[in-house]
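What follows is one structure encoded as structure tokens, with my remarks underneath.
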Amino acid sequence: MKTLSIGLIGTGYMGKCHALAWNAVASVFGDVPRPRLVMLAEASQELAERKAQELGFERATGDWRALVNDPGIDVVSITTPNAFHPDMAIAALEAGKHVWCEKPMATRLADAERMLAAARASGKVAALGYNYIQNPVMRLIRRILDEGQIGRVNHVRLEMDEDFMANADDLFYWKSEASSGHGALDDFGVHPLSLLWVLLGGVRRVCGHMAKPYAERPVQGGGRRAVETYDIATVLMELESGASGVLALNRSAWGRKGRIFVQIFGSNGTIVYDQERMNEVQLYTADGAKEAQGFRTILTGPQHPPYDKFIPAPGHGLGFNDLKIIECRELMRRIAGEKAHLIDFEDGIRIERTIDAMARSAHEGRWVEV
Amino acid sequence: MKTLSIGLIGTGYMGKCHALAWNAVASVFGDVPRPRLVMLAEASQELAERKAQELGFERATGDWRALVNDPGIDVVSITTPNAFHPDMAIAALEAGKHVWCEKPMATRLADAERMLAAARASGKVAALGYNYIQNPVMRLIRRILDEGQIGRVNHVRLEMDEDFMANADDLFYWKSEASSGHGALDDFGVHPLSLLWVLLGGVRRVCGHMAKPYAERPVQGGGRRAVETYDIATVLMELESGASGVLALNRSAWGRKGRIFVQIFGSNGTIVYDQERMNEVQLYTADGAKEAQGFRTILTGPQHPPYDKFIPAPGHGLGFNDLKIIECRELMRRIAGEKAHLIDFEDGIRIERTIDAMARSAHEGRWVEV
Amino acid sequence: MKTLSIGLIGTGYMGKCHALAWNAVASVFGDVPRPRLVMLAEASQELAERKAQELGFERATGDWRALVNDPGIDVVSITTPNAFHPDMAIAALEAGKHVWCEKPMATRLADAERMLAAARASGKVAALGYNYIQNPVMRLIRRILDEGQIGRVNHVRLEMDEDFMANADDLFYWKSEASSGHGALDDFGVHPLSLLWVLLGGVRRVCGHMAKPYAERPVQGGGRRAVETYDIATVLMELESGASGVLALNRSAWGRKGRIFVQIFGSNGTIVYDQERMNEVQLYTADGAKEAQGFRTILTGPQHPPYDKFIPAPGHGLGFNDLKIIECRELMRRIAGEKAHLIDFEDGIRIERTIDAMARSAHEGRWVEV
Amino acid sequence: MKTLSIGLIGTGYMGKCHALAWNAVASVFGDVPRPRLVMLAEASQELAERKAQELGFERATGDWRALVNDPGIDVVSITTPNAFHPDMAIAALEAGKHVWCEKPMATRLADAERMLAAARASGKVAALGYNYIQNPVMRLIRRILDEGQIGRVNHVRLEMDEDFMANADDLFYWKSEASSGHGALDDFGVHPLSLLWVLLGGVRRVCGHMAKPYAERPVQGGGRRAVETYDIATVLMELESGASGVLALNRSAWGRKGRIFVQIFGSNGTIVYDQERMNEVQLYTADGAKEAQGFRTILTGPQHPPYDKFIPAPGHGLGFNDLKIIECRELMRRIAGEKAHLIDFEDGIRIERTIDAMARSAHEGRWVEV
């Protein structure tokens, strides 16, 4: 595998997370060459330089176009706000770079479709940052499903809840503006749908509903402004597999911090997962003596790869940032032409289209085909 | 309070549960006169006599009409299969008896409406056996809501799951016949809806979906028969209060035994309840130092009446059958003209109409007003 | 089985619990004759009469000696404070009655030994009210152990914690007087030791320690008084089986309400039980694929007898009072000469001697043989 | 703060963990200069070179003495088996290097005392790798204690359990040899004692017990060999603060993977922590309305520093390896002369002496002063 030269655009939450992953991936896995952290782009040259120093990049620029066009760069990490993804990703792909873009692809479906077209035209790897699918727990669930341990899946429930919009007294900010999207549906929905996609495949039909817990919010300096987005969304689903499903999202759910709750019901068992306890999964199978059946709490350990690359002892716990390191290696493998577990633009557009159908369904008050 | 004379029809699961409650209510509460267990009706005289002996009733009959017309009886407990409820309840009410009828009221909405008319005409107490609402936890939740501890409720999620229909190899029996009802929707739905009713009030609009995990089942003696009911149901709801909601039901949910999972989200906090751990409730309020906020697991105790009437020490646990004893005393209080916490036919019809709207919605694939 | 005539002494917490059990046992089990509730004794004739009315007893007396000597009584339930147990139990046994006495046997070991002698001399059934052992969960654990599912047990940990002595501002009352016993050790210790006895057998050597969280307590009317008992106790144990063990008790443990936490470690698995969730048990066995091993949460149901006699559906939950009903039937079976699961005076003295050894060990600061 | 040049000895479990921390610390915290990873020592030159490449070190050596004496190195990470710690740490300190040595200090107390003497003589920072104390949860607990939220602590229980020695059929290896130490006591005991030390201070008196679940183990090639170490240990403690305590350790505890269970009881509340769910802590305080009291599950988030340096969103979860990154920064701060949260050789010797007293107590069957 050849040494990759990396460019990073953006140094917020996810920018730092990418930088940590690029820094750590070789040490953790030992089977990929240590990437060169070549260039970092931020809104200003000054900020870029400070962050490059902090995050271990060689050069800095205040102009992201300089980065995507730099001949010394192989891969571009795009971690800016979603509205910037299309221009940056398309430019990078057109410049012949591989792209690692944070999810969701874009704020409008049409933009996402343009990104996909650019990816196809470029022949480069265009990956999305769906890190939750990288949890060793998800590989275990996938294996449990593939081996038929819970039989044929007939029903699934997905929930995602956090409370960063729960305080009615918080000031109006851009997440309550219609230009930011629908609300919980696109802000949150992509996460559980990414899990659904890798575990159970696509969605056929949906019927959605959206609600506003707070009709208006205070504005800095006084007065109140009408909230334009929906912090709560619920959706009925029919999957392509024939299973029925339900999705419930709430970004004003007091007490929930990073909950993604997944319940998968099959003809021989049930799987339950909670992202807030990301190192565990619950499994029930209708096997063995009836008197001793129950949900098993499986703690991840070295028997659940690639946990073993981080810690040789079981039950010690991976963290959220570790998932991005796993994703980083999958990306490197994909770039090297190997089989890799990733959501690329081809898969990603499926998720975006599903979200779009849900939103239309909610607005029109009827079932919609994806 | 005058001593009540009791007649019991049916000695299955709920019949025994009623008998235990009538036997225990005076000893537990100490503030109601010990009821006289006068007559028990079963399908045959012989069975009735054996059960009367077992359950402590003075007399026995193989003819339920004899019981409802017996002048020595004040209250009739009706615990037979749902299809028998209308005839028995109406006859008992017409004979001037108070009625304690197991839920749901009937298998068809029209019958339930007739039962309500009979109750109104009689002027007698006509109560339904919605025992889950009697859990001291529910009174605590109600109090938390009334005191505004979690603020204004804006979203609710209800789930009910058991696994008695989960085994695909189980023989076809009457629960898979269309004549038994819709499936999970009416079989299960009344339970979470009873909690919803007493905690948050009525439902305005619904959009439902129903699914069959198994298209057919084996028949005794060989062959297979098409399943006519839906073991899975999911419903989007708009409550009269304006809150949004979702209901998910699955009677083929491997591993779930008596799960009724309730999540109530408000503008200042969240309540979570799981019937499988019926002596606990989770409460999160956005109060106090942020660094120490979290879901509190409240264990019931004597500070949650009427737990104290059963056990003076906290955390020792009530059981499912205890809820019926509480319900029994509420009924006695209602009969004595006191304020009581009960779902009577007036409330019950609201639940039945809601279920009916959900079923219509599922069949028609559209939103329906309740 | 002949119909038994019952006398009850005491109507506090446990007196009511006995009365409820005698009232319900025939209805629940259907295989024992309905007992006659003949006579109730309380401190005064007036109180006795009121309570007899409430609890369904035919006659009442203010003199417990009249009750134990009444020729119409077969079984005497003794539920008075522990200090009264010896006189009452011995008198009842000498009068030829069967005795059902609440635990512990006595406040002094010498008294317990006298009670055992009286039981032996009488030839009557002398049972103790160790209700926790009657939980269907305990029968399941016993079966798991007998079947070798967790292999040979090599280590056990027992904890019992409640918080009724946790408030340092509560007034001094008799539980802080030396005359009441050692403190947590005898007040609590008998419960986990009763579980240990039926699950794993006797204790060979102990090394104990006792501590006072509060050196003194306020006295009614002003001033403070030195606390004479120990609300905290910890003990190292060697079991007769060779397993090592530890016991930790705290009746000033804020937040714990009825916790009895049991961890049993064996050569092939582990069992974990928490009395605050008395309808569950956790089981881990080192069987099957390593990647899917985990603690199973088993919910009790009809497959765990005699749960089925209370409720035919699994996961619906027994309550604390139900355990006494099970115990009552075991007593009736023992009286009828059948095999029964009970701790009688012969077993009970083993528990008392173990507690006594623990207390001596704590006072002397060294290991003591039981 | 000056840039530090790092030497790493050992590349096993903890060696990799140190390397990851040195790689990540500047990116995560942004307030310390990026360390130079200068030299790596392993058992052979060849292995050292391969690992240096993998872990990002500039140079490699097969001779650890060359590393500790290299003038270009400021800090030496020592992550070799415990028996090597004394020679390496003393040599590094004598060569004027700061030392970051994995716990425990040594396999014999006398060696640990020599290490302390060397540290004192050198005037350099001599830190131990007690990473569990770096969990933001521990800072929160410490703050809760300092603020008196649970009042005066009067009782503590510590448990540590894993199952890597649980399989009786596993071959005899060095952990069963007496030369490796006592067994669970020193192998595990240092971890909970490190938490005890930073949260509640020192231990005054102990009374220990040790047990062997398996008397012998199979030997490669046939036959069996007597086990010389004790996989189970239990200890009664009196803390210097006056609180009573108990410690229970089991490295043959099936199903436990990384459990460190801590229960701290105070005069106004209780704290419960489980390392297998390292992003949570349970807190009960006897405050507010009694009916709403319960254990609160607090999920860590940015309000619990330095969680915020890793992830700005709460409830997303740190991992085991992240704790070492926090520790690394504390070390860098200490080297820079700033106040830091670390267990150095001065504190570490207290833990070693406590373990030693526990072992003596167990062998002599009596209480021992620390």
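Labels for the chains are A, B, C and D, by order of writing; each one numbers its residues from 1.
Just so it is clear, contacts are C-beta pairs under 8 Å (C-beta built on N, C-alpha and C of every residue); 3 or more make two chains touch, one makes a residue touch a chain.
It should be emphasised that the depicted structure is a prediction, and the values quoted were computed from it without experimental measurement.
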### Query
Once you count every C-beta pair in contact for both, which comes out on top, B-D or C-D?
C-D
#### Entry: Chain whose mean Cα position lies farthest from subunit D
B
### Message
I'd like the Å distance between the centres of subunit B and subunit C, where a centre is the mean of that chain's Cα atoms.
### Response
34
### Message
On a C-alpha centroid basis, what's the spacing between subunit B and subunit D, in Å?
### Response
53
#### Entry: Centre-of-Cα separation between subunit D and subunit C, whole angstrom
41
#### Entry: Contacts with 2+ other chains: residues of subunit D
256, 293-295, 299
### Message
Please output the residues of subunit A touching subunit B within their complex, sorted ascending.
### Response
150-151, 154-155, 157, 159, 163, 166-168, 207, 209, 211, 213-214, 232, 234-236, 238, 243-246, 248, 250, 252-256, 265-270, 284-286, 293-295, 365-367
### Query
Hey, which residues of subunit D end up touching subunit B in the complex?
140, 143-144, 149, 283, 290-299, 303-304
#### Entry: subunit A-touching residues of subunit D, taken from the complex the two chains share
13, 16, 19-20, 23-24, 26-28, 30, 34, 53-56, 162, 164, 256-259, 276-279, 299, 301, 310-322
